[in-house]
Amino acid sequence: MSREKVNSADVALIRFWVPVEVRYSDLDAQGHVNNATFFTYFEQGRVAFFAELRARHSEHSEHTAISEEGSTSAQSALPGADAPDLPFVVASASCAYRRPIAGLAPVMVGVRCSRITHATIEMEYAVCATPGGLLYATGTTSTVSIDPATGRPRALPAWARLALERMS
Amino acid sequence: MSREKVNSADVALIRFWVPVEVRYSDLDAQGHVNNATFFTYFEQGRVAFFAELRARHSEHSEHTAISEEGSTSAQSALPGADAPDLPFVVASASCAYRRPIAGLAPVMVGVRCSRITHATIEMEYAVCATPGGLLYATGTTSTVSIDPATGRPRALPAWARLALERMS
Amino acid sequence: MSREKVNSADVALIRFWVPVEVRYSDLDAQGHVNNATFFTYFEQGRVAFFAELRARHSEHSEHTAISEEGSTSAQSALPGADAPDLPFVVASASCAYRRPIAGLAPVMVGVRCSRITHATIEMEYAVCATPGGLLYATGTTSTVSIDPATGRPRALPAWARLALERMS
Amino acid sequence: MSREKVNSADVALIRFWVPVEVRYSDLDAQGHVNNATFFTYFEQGRVAFFAELRARHSEHSEHTAISEEGSTSAQSALPGADAPDLPFVVASASCAYRRPIAGLAPVMVGVRCSRITHATIEMEYAVCATPGGLLYATGTTSTVSIDPATGRPRALPAWARLALERMS
């Protein structure tokens, strides 16, 4: 697998960015952020992305409920009106390293959902000095929605599908 | 990028295995080894693989030297007879997660070199309960030989190329 | 608090030792195992110590059960005959660093219980090249037995108290 | 060593606070930030504290230099005018855990220098929800100024001593 084929995250398409704090202990004996730690940065971006997803969903649900005059039951009737948790597992992950992070300057991680299938969310990541600026790495993950009771894949809930489309 | 395409590490071809100690702190809030930690396990395997590479090279060099009677200069004339360090950077990495590691049982990480080009070593990994047994994850990395002074890619030294071929 | 006062772990009294694998990513930009990682090494030692505690308890319980001829109920009547989990939290921890760990050689961590009170187990640790050999660090922790349902301290169960006394 | 004696960091005396990002992977299988990770939080606070120390020193030095009209050599003549690095090793560390951090909310780490001796800086830490607010943990470290060439202790440079006194 060549470097180019590992992933093709399109940084220009990413609109969701959050800062990630580089820790002194993230640096390894070469004085660079260790390769495995980039997946932790992706994870921090993903956690923030899903938190935003739930927040936007909740706002939208409240708005819908308010606009449906006199009806508070409309809100609770919506699938996932309370933005319930979205349990998933990471099925695959990849990173293409562009240049080393050699110090403790904060970095930004960008996240986008690139594709949704029945139970799977495919995401793309970029680690940059500033949103869309100096590029340290790009990455991808495939996460699978699961039933927490059984650990088996299950269809993405409708609320998550809608919220993902709105954030894309 | 679908899960299947992330990598196609062929576990049956892996002959080099080392144990890796799962740490309590590797488990995340789901009670499973965190996804980023698998790249640390790959790294532990890679470090052991390169140590073995250097050890085998040294043995081979010594053997050559001894067989060339009366000639100690033969040894030092070999490229990399002292198995010098092999500085490289990780250019890309991927992992396909098969099943979660849910406890502290030791795991085995398997490593093989799948392809060598001018400056690049492509490697495949597997994390299993036993060598070739119950499979937790497979992975790949692409590592690029660099000149430590400049950080620029440079051709793999001849000793490393030979030693890699012998270990494949 | 001076270095000397941080702890006074008595390495010569430690009889329980387990190997801990130093990881490449444990090294920080100084090329030494990061100071926080020593607490992870202590934790690995503690986990092994408690596993041993439960194993010895189970053996002892089985032995008792077997010796009480014809009575399988004796075993289940013992407090903690099945070596149930021993939920606890770490209330305090300390480490005195003696010399840096500068490479990937395996190290040994030694653990002993230095004092038991109503709900608290005080432990001492040493990180050495070999059991009782070249000393990298000593440490202490205070762990408090808790009721997992409430998170409140509760008396150490009798089986744990007995097993700790047997291991001291 | 009882919990009370581990350290006596006086949170009310701490005036330097920086945010620390709790990572999903900091949580262990109990769903709480792992005990070893608190030392990483202390480290992040310490790194920021020393960066501030150097920044304040540089400002002070520049001010001095500017006031010495026409003399740029005055600046470089000052001990540590360029706020050189302050190499040190951690000689000891302790943490007293007050309550678990059970989620991803950002936390604040507070740092103060509690005592300076010939070559040693003793520091106190607090991890809180807000500066001086809900307390998760307190801690201490003892760091020793070293000669990077030899690794041996050496007297704190005058600039650091002055800057520490100004920040206390």
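The chains carry the letters A, B, C and D, assigned in the order they are written, with residues numbered from 1 in each.
FYI, contacts are C-beta pairs under 8 Å (C-beta built on N, C-alpha and C of every residue); 3 or more make two chains touch, one makes a residue touch a chain.
The shown structure was predicted, so the numbers you read here are calculated from the model rather than taken from an experiment.
*Asks:* As a test of understanding: of all chains, whose mean C-alpha position lies farthest from that of chain D?
*Replies:* B
*Asks:* Can you report the angle of the rotation that maps chain A onto chain C, using C-alpha atoms only, to the nearest 5 degrees?
*Replies:* With C-alpha atoms aligned, the rotation comes to 180 degrees.
*Asks:* Can you give the whole-Å distance between the Cα centres of chain A and chain C?
*Replies:* Centre-to-centre distance between chain A and chain C: 38 Å.
*Asks:* List the centre-to-centre spacing of chain A and chain D in whole Å, with centres computed as mean CA coordinates.
*Replies:* Whole-Å distance between the two chain centres: 33.
*Asks:* Which integer distance in Å separates the CA centroid of chain A from that of chain B?
*Replies:* A distance of 30 Å separates the two centres.
*Asks:* Can you tell me which residues of chain C touch two or more of the remaining chains?
*Replies:* 24-25, 34, 36-37, 40, 43
*Asks:* Hey, which residues of chain B end up touching chain D in the complex?
*Replies:* 24-25, 27-29, 31, 34, 36-37
*Asks:* Along chain D, where are the residues that touch chain C in the complex?
*Replies:* Against chain C, chain D makes touches at 1-3, 6-7, 34-37, 39-40, 43, 89-97, 100, 122, 140, 142, 151.
*Asks:* For chain A, which residues are in contact with chain D within the complex?
*Replies:* Going by the criterion above, the answer is residues 20-21, 23-25, 40, 43-44, 47, 104.
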